[in-house]
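Next, two complexes with chain A in common: one pairs it with chain B, the other with chain C.
Let's turn to the complex of A and B:
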């Protein structure tokens, strides 16, 4: 999985789910759901972003809080759909 | 044996004075509920007992005894006085679940202020609507959330002070105050405001079908109901470790996340983090939680992750499990027996009722899927939806109606007496929920009687969403309805007609979702958007949400004779 893909997701999380000037650091290991950066309701918009950006359809049963809990986890999930 | 003992006997012979006597409510002319949540516990010799064990996301912990609660709530109260706030001023709490949130609640009440707790995930539009309506004078917040306030500050002339509890040495803007609970001087004594039982205490905003959210105003005497329901319905005992997962931005988080447990002198634990099954179970195991009060949405998320993860932890500490916010489905009750060896007990109440009014009790047979029976002191029935006459035939669906009044009943909607009056019909408070009652007196929830969306246990008003949607550059008109959801019971679905020059596509859909999430809250964000050419309207031009909702629920559409283009 490319560095570009990883950074794309990190940038999106920062832009959409953090306030401007938020001091929270986000990297590929930062917990997203369990930390509260992205709540379970907002996960739907993150899922839609991924589906749109990478032209995939993530089934609801795969879109678990665990699978979305870090950028690394999300990248593992995307690998299942051959996203590089 | 549960604290309540025999439900039937207690229901027959109940008087709210039982609770007043146990609390010694009104002793020496003291009615301020904050006194009963900390100072009185200290006076009883339990000042060194642990009141709050707080754990942050990274595992950091803070502990506060009842003595600490007493001292720090005085610190908050004194600070509010010192900066010129007066009894009766509305003071908003807009923070994540940090200790300051819980303790400033007590401090504000000790000063005589009216606490206005707001969910910290609210966006600036949702925040503005509620602060403007309440004429809020001051707000406690954190660095994380202050930017939302700064963006709307100019439109809020009444908002005199913004108090940042973790400002440190960060730059402040005009009329912002850096305040540290732990660093502030500790007054030797603080004279608690001499509230009467009917003095306003808490203002919780709740959504309706039409108009802006309404502030349900409660009074100090609410503690009479919150104390005894915590003891009898939640079955909290002195040695329990109690965990209420609700955020104090919502009524459960104050009635049963502050007032109920602390007036009972219980130790409560708070986890300030997002959802994770493993983290929750780890928290229960680590702190040996005995009584757990949570929501069906959380239970269904736990169910989704299965029992395998449950088995990794020793959860034998759990003694009593209760649920609130939306109907607890039978599958969740059965699953909890398998996962934890005991069922979740459902409880029913509303922002307006201030305390549990219908529930299942320890020692009483639980009928999975039922809300249980009326709490002692509460006369609950169902009434006909048209005539508001009592329904006496078991199993017939009607509107849940409660006989006024009980101590925690709201006293009005802030600035909206007309709306308050409209909630009463033929001497009954009409809850707005439909239910039936079976032969044995158990209530069985059916659904809302209006267009309000119950998502994840929180009520979201369609009008507020539709108004916000119209601010999006691409949207000509919209309708928001609840659609069924296996986890959240309902989620928001928006039907949207676009302005000329805009075409439906995934980019636009995502832009609209994020637009609402940031303006209002994640709860209000449409989880699904359907683009339509036009919306069904009555001949007078009113959007017929019920048609759209019925379609989502697979229900009969009903009378369409007033439809514009039928």
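Let's turn to the complex of A and C:
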């Protein structure tokens, strides 16, 4: 999967979930859900972003907190939908 | 019966996981009416202990007010104990209609419908007014009952960073194509005691043609000059489309909630809101007492004024004692401790000092944001506040956190 896709997701997470004063760094391995950066309620924005950006439909049973817990996990999930 | 050992072991392990994680919620038995002074049996089996209560939502001190109790007795005598019915079969009395009209007048809305709780009101309202072609745009820190209500609704769900108006505007731009949009927020957020920027929200709602829904449970009865709520506090009385609120906090603290707003929406709730249709009617004793509460707080603002004074006094004194609190004006005063164990240990020591407060930590609040949430009441007298401040100071000294800010407390105790 391309570096470009990875950076796109990281940038979205930073913009959507972090406040300007947050000193938190986010890379592809940073836990998102289990660290509390993204709560299960706010995960819906991330799912919607991925679906729009990559023109895929992620079924609810695949949109688990584990599958969304890091950018790496998200990229693994996207591979299932042939996103490169 | 098929309650197998396998099922039993599974549920037991779930519970033991909670105990290990420190998230198991233990109930304490109170052996007196709800008030500033209460008698508590804790741990279970120990002799009752007299403590000052600083963790109730009894903002106006009306939970055991003699006139409210008297009105409840009158309701019991004149209208009986239960109705054995939902509202639309044979569960609506004249007093229910009277209370709904009084609430509309107090909140500055067109109509009101009572629910068994505000949890039920929030669980029911969205599904009634929004469908799959609509969008719900909610603050990320709204109460759990709103989250559940939104999950029960088919409208598309968007949320914005807590009280971040730029982010809200982005979401409003993103959803321009939807049929109806609704901005959804708490009036006062229960963990931080901070107030939604309703003036800005109303402005954005007008600009982008969106409705506004506010859960004002932690505000009705005392926020604003006449206690009407956050909309009065923010200068937007009459400009909020839907207000949900509770009778279970400042308004006597028993139970019951409502949806208040345009007549059509209220009428639709009566026809379609499932928690309304399938829950029993709110019992007569609560209705007559709540009617009295609205009369009392409409006649004079003395109680909300006293709460405001008490809050100001406590906030000032606790800050000068060296505690790190979330600034604001609300009767919810979060004393920030950041570390979960520290919050629990200090709450336990406060109890030994005769002050009943609770420590909150993840997942109730964000990780690293543990705190003791103090709730001030108009039922507190100055000596109660002084006693609490003295106890906090003593316990704060023990843990060496007085005068310390976030960074220093985290350095000492970790997240």
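Criterion: the second predicted complex is superposed on the first by the 83 of 84 C-alpha atoms of A that agree within 3 Å, B and C clash if a C-alpha of one lies under 4 Å from a C-alpha of the other, contacts with A are read in each partner's own complex, and residues count from 1 in each chain.
Just so it is clear, a contact is a pair of C-beta atoms (placed from the backbone, for glycine too) under 8 Å apart; a residue touches a chain by one contact, two chains touch by 3 or more.
Worth saying up front: this structure is predicted, and the values here are computed from it rather than measured.
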Combined model on chain A where chain B meets chain C, clash or fit: clash
Chain B versus chain C as contact partner of A:19, first or second or both or neither: both
Partner chain in contact with A:35 - chain B first, chain C second, else both or neither: both
First, second, both or neither for A:44, with chain B first and chain C second: both
Dominant contact partner of chain A by residue count, chain C or chain B: B
Chain B versus chain C as contact partner of A:80, first or second or both or neither: neither
Which superposed partner A:27 touches (first chain B, second chain C, both, neither): neither
A:66 touches, of chain B and chain C: first, second, both or neither? first
Residue range of chain B overlapping chain C upon superposition on chain A, of 93-101, 147-155 or 363-371: 93-101
Shared chain A contacts, counted only where both chain B and chain C touch the same residue: 16, 19, 35-36, 39, 41-42, 44-45, 48
Chain B - residues contacting chain A, complex: 57, 96, 121, 143-145, 147-148, 272-277, 279, 301, 304-305, 455-456, 487-488, 491, 506-507, 509-510, 513-514, 517, 522-523, 525, 527
In the complex, chain A residues that touch chain B: 16, 19-23, 31, 33-42, 44-45, 48-49, 51-52, 64-66, 69
Touching residues (chain side chain C, partner chain A) in the complex: 140, 147, 156-159, 161, 164, 362, 366-367
Chain C contact footprint on chain A (complex, rising order): 16-17, 19, 35-36, 39, 41-42, 44-45, 48
